[in-house]
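Below, chain A partners chain B and then partners chain C, in two separate complexes.
Entry: the complex of A and B
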């Protein structure tokens, strides 16, 4: 079930081959949806779902897709899944789907998806492709959650909308950092995570 | 001096490799080269260069900043005692109040900034550079006096790490570090950085001064008053002479045109700052202010200010003299410096007049042009390369014909 190779496929994207930290893909949505923790998590789960199932579908039909129109086929599959996720969110979590606005729809253009379909699903069997989708989705979602955690905590003083920083601190002059809510700070937060990640993984550092 | 030298010599073995404090060697080196001229010389080849080094350049800028610093201290006291309704106390007590109000900010700025520089130098086993000397003094001068100290500390740490250390330290930064500090505060804590309560200190400074605020007092800066103006004429009582002397509310260093001009004279006389940048900022600012004044509009009340007043108010002059002329972040080619300075002036007044969200635009203008400075330099250099190439081709063609 989980051979050594499959384990690598599943767990490598979490750290050593992380789509956001190492391949620097999917940055746009990472900046756009992480002002609060809840939409970050919902976005992460949506991407995991779309990525896993589109990987499986493409992998199943990989031998029948003519090479010249493969991008169109991939887009059709991804777009179908994204619309399903979007309708699901509108039905069951309307407020968050409002917050995420266009960014659920924009999963279609997420570079991680096209990257995984092109690089993995087209050449591998469905089960490894499924694991690859789950692994990369988790790697992406993990970064979203970390960024969302720090941005909501420092920018609004809340987590999931509940106040976390005690009133006591505000009474003594503490203030929320308005810059954390703005997109530039998401970029710097991601940069900090990359910094820590590279410092901990010597094999990622270039020799110069 | 001799006693100091002896003390340093005695401490040296402790910090050398193998000594008990070897981890702090860069700190020792930093202090030694700050106090004494190093007695080491070049070991390979001959290096002929100016005796002017980074340390002396930095000290010159510090000296040029002193008039602004001292006047800023006096003005903090002046504004304070006007606010509490006792404007007739002596100038000396005003100065002492301002000194006590500003001193904690200076201490925090240097402690945080130098602390991070020391740690950075220690990690990378590099010598400590003097780069933060000027930045550390600029920060207290451009941050409103009522900004809580912890905010200044956070912003300074952010600026030193993300605007300077990650780019490679002193001399490698793309953006002006002091302005990044202010921009961080401006966007992170906007309520503390503008409005009526930011620029005049009302409570006591380290136990000195303080009192009840007089009736009808408003701490709004002139530009803040202008920004809220309604109608076709300026209703606020503005006195350009006051702005020239500097007895108006504002960030500590920026109010007095006189003090800034003394600083400018020192910088230009010693050749530390580029007169091209400095002059073209003022020219650009004046041109844009004149244009705005020629097309006055009640929607944009700052366009009602006449151009000369426009240059005296706010942080424009201070930014032009001390920020735009930063040699690290500015343009380096001569033509580039004219373009760079001119655009800073134009954009600063453009933001001030036509963006109702920001009563002052000098900070944002300089940060924006910092980003464009390398591009300006690149274009100037490429134009020069093309011109010379064209001349070479023309000459060689002519030469070819002559040979025929």
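Entry: the complex of A and C
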């Protein structure tokens, strides 16, 4: 089930081949949804699900897809899955669907999806494709959660909406950094994570 | 079979689109009743939120029937024009605000302490899409008792925070009418004051356009109710024999 190669497919995207940190994909949604921790987590889960299943579907029909319209086929598969998720959420969990509102639609435009479908699912069997989807989804979700954690903590002084920085600190002059809840700080936070990541993984450093 | 021939591609695309279309249409049809029910319940909850009542999905319908004792449409003179059952609930605010002659729905509520509140729906534009809400007014026709706001697609953590209690609570106790004239409640940047002398609340930092949208929405929608609010102020109850 988990051969050595499959293990690499599953775990490489977590660090050495992380879609956000190394391939610099999916940055736009990383900026948009990470002002709070909770939407970051839900967005991460949604992307894992859509990525895994679209990978499997494309992999199943990969031998029938005409090469010149393959992008259209991929888009149709992804969009169909996303709309299905959205409709089911409205019908069965309306509160969550309200919270997610725009994010669900944003999944369609996530570059990681197209990237994985093109680079992996078109050339591999369904099981490895499924693992690849899970792995890349997790790699993306992990970065989202880290960024969301720091932005909510420093920007609002809360986590999951609960106050974690004690009133004591505010009394002594501590202030929330309002800049952290604005999108540019997500970019800078991601850059800091990339910095730490490259410093720890020498083989990723470019020689200039 | 040649996968790159024109006919194969056209047939492939056509079959795919038909299959996907049929699948999505089927899912939509199958889920529609549940979705409509959820949306109606969500609207009921939003209305109850304006009078600070939180209900569970199971008791929502009963609570709504219990607290909202009457619904009507008022006319330009502030008189009750129509008080059929569910007449206010059935008004679709989205199309209503575009009409030249708007319907003016009012929900009359009686709380546990027997005080009477009037809930007025409002609808406007945020940054990315529509925002809407409900304003509960005391029987004096001016004091805001509570508000609830909702949005379709505002940015989470920024504009979407108009739904949070901290923002909503600022409106409590503000006066819609000042010195006999309707002024609405303005939303201004923190630290600033209203230039027109109206009551004001703080905007959400980082969400200027959504905050401004809330202020504009309150002014634009509630100004039509001015005659109604005036009548309330004069008599502490809405006028005309149709009610009760």
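As a convention for this text, the second predicted complex is superposed on the first by the 194 of 208 C-alpha atoms of A that agree within 3 Å, B and C clash if a C-alpha of one lies under 4 Å from a C-alpha of the other, contacts with A are read in each partner's own complex, and residues count from 1 in each chain.
Here, a contact is a pair of C-beta atoms (placed from the backbone, for glycine too) under 8 Å apart; a residue touches a chain by one contact, two chains touch by 3 or more.
Because the structure is predicted, anything quoted here is derived from the model rather than measured.
*Asks:* Quick one: classify A:196 as touching chain B (first), chain C (second), both or neither.
*Replies:* Once the two structures are laid over each other on A, A:196 reaches no partner at all.
*Asks:* Applying the document's definition of touching, compare chain B and chain C: which contacts more of chain A?
*Replies:* Between chain B and chain C, C touches the greater number of residues in chain A.
*Asks:* Once the structures are superposed on A, label A:87 by its partner contacts, choosing first (chain B), second (chain C), both or neither.
*Replies:* Touch partner of A:87: chain C, not chain B.
*Asks:* With the two structures laid over each other on chain A, which partner does A:119 touch: chain B (first), chain C (second), both, or neither?
*Replies:* So A:119 meets neither chain B nor chain C here.
*Asks:* Just to be sure I read the superposition right, which of the two partners does A:69 touch: chain B = first, chain C = second, or both, or neither?
*Replies:* The second partner, chain C, only.
*Asks:* Looking at A:164, would you say it contacts chain B, chain C, both, or neither? Reply first, second, both or neither.
*Replies:* Touch partners of A:164: none, neither chain B nor chain C.
*Asks:* With the two complexes superposed on chain A, say which partner A:36 touches: chain B (first), chain C (second), both, or neither.
*Replies:* It touches chain C, and chain B stays clear.
*Asks:* Quick one: classify A:188 as touching chain B (first), chain C (second), both or neither.
*Replies:* first
*Asks:* Of the two partner chains, chain B (first) and chain C (second), which one does A:178 touch, if any: first, second, both, or neither?
*Replies:* Touch partners of A:178: chain B and chain C.
*Asks:* So chain A touches chain B in one structure and chain C in the other; where do those two contact lists coincide?
*Replies:* Chain A residues touching both partners: 178, 182.
*Asks:* Touching chain C in the complex: which residues of chain A?
*Replies:* Listed in rising order, the residues of chain A that touch chain C are 32-33, 35-36, 39, 64-69, 72-73, 76, 80, 83-84, 87-88, 90-92, 94, 98-99, 101-103, 152, 155-156, 178, 181-182.
*Asks:* Would you pull the chain B residues touching chain A in the complex into a rising list?
*Replies:* 148, 150-151, 154, 162, 184, 187-192
*Asks:* Note which residues of chain A are touching chain B in the complex, please.
*Replies:* By the definition above, chain A touches chain B via 173, 175, 177-180, 182, 188.
*Asks:* So in the complex, the part of chain C that touches chain A is made up of which residues?
*Replies:* The touching residues are 3-4, 8-9, 12-13, 16-17, 20, 23-24, 27-28, 31, 34-35, 38-39, 41-42, 128, 152-153, 155-158, 205-206.
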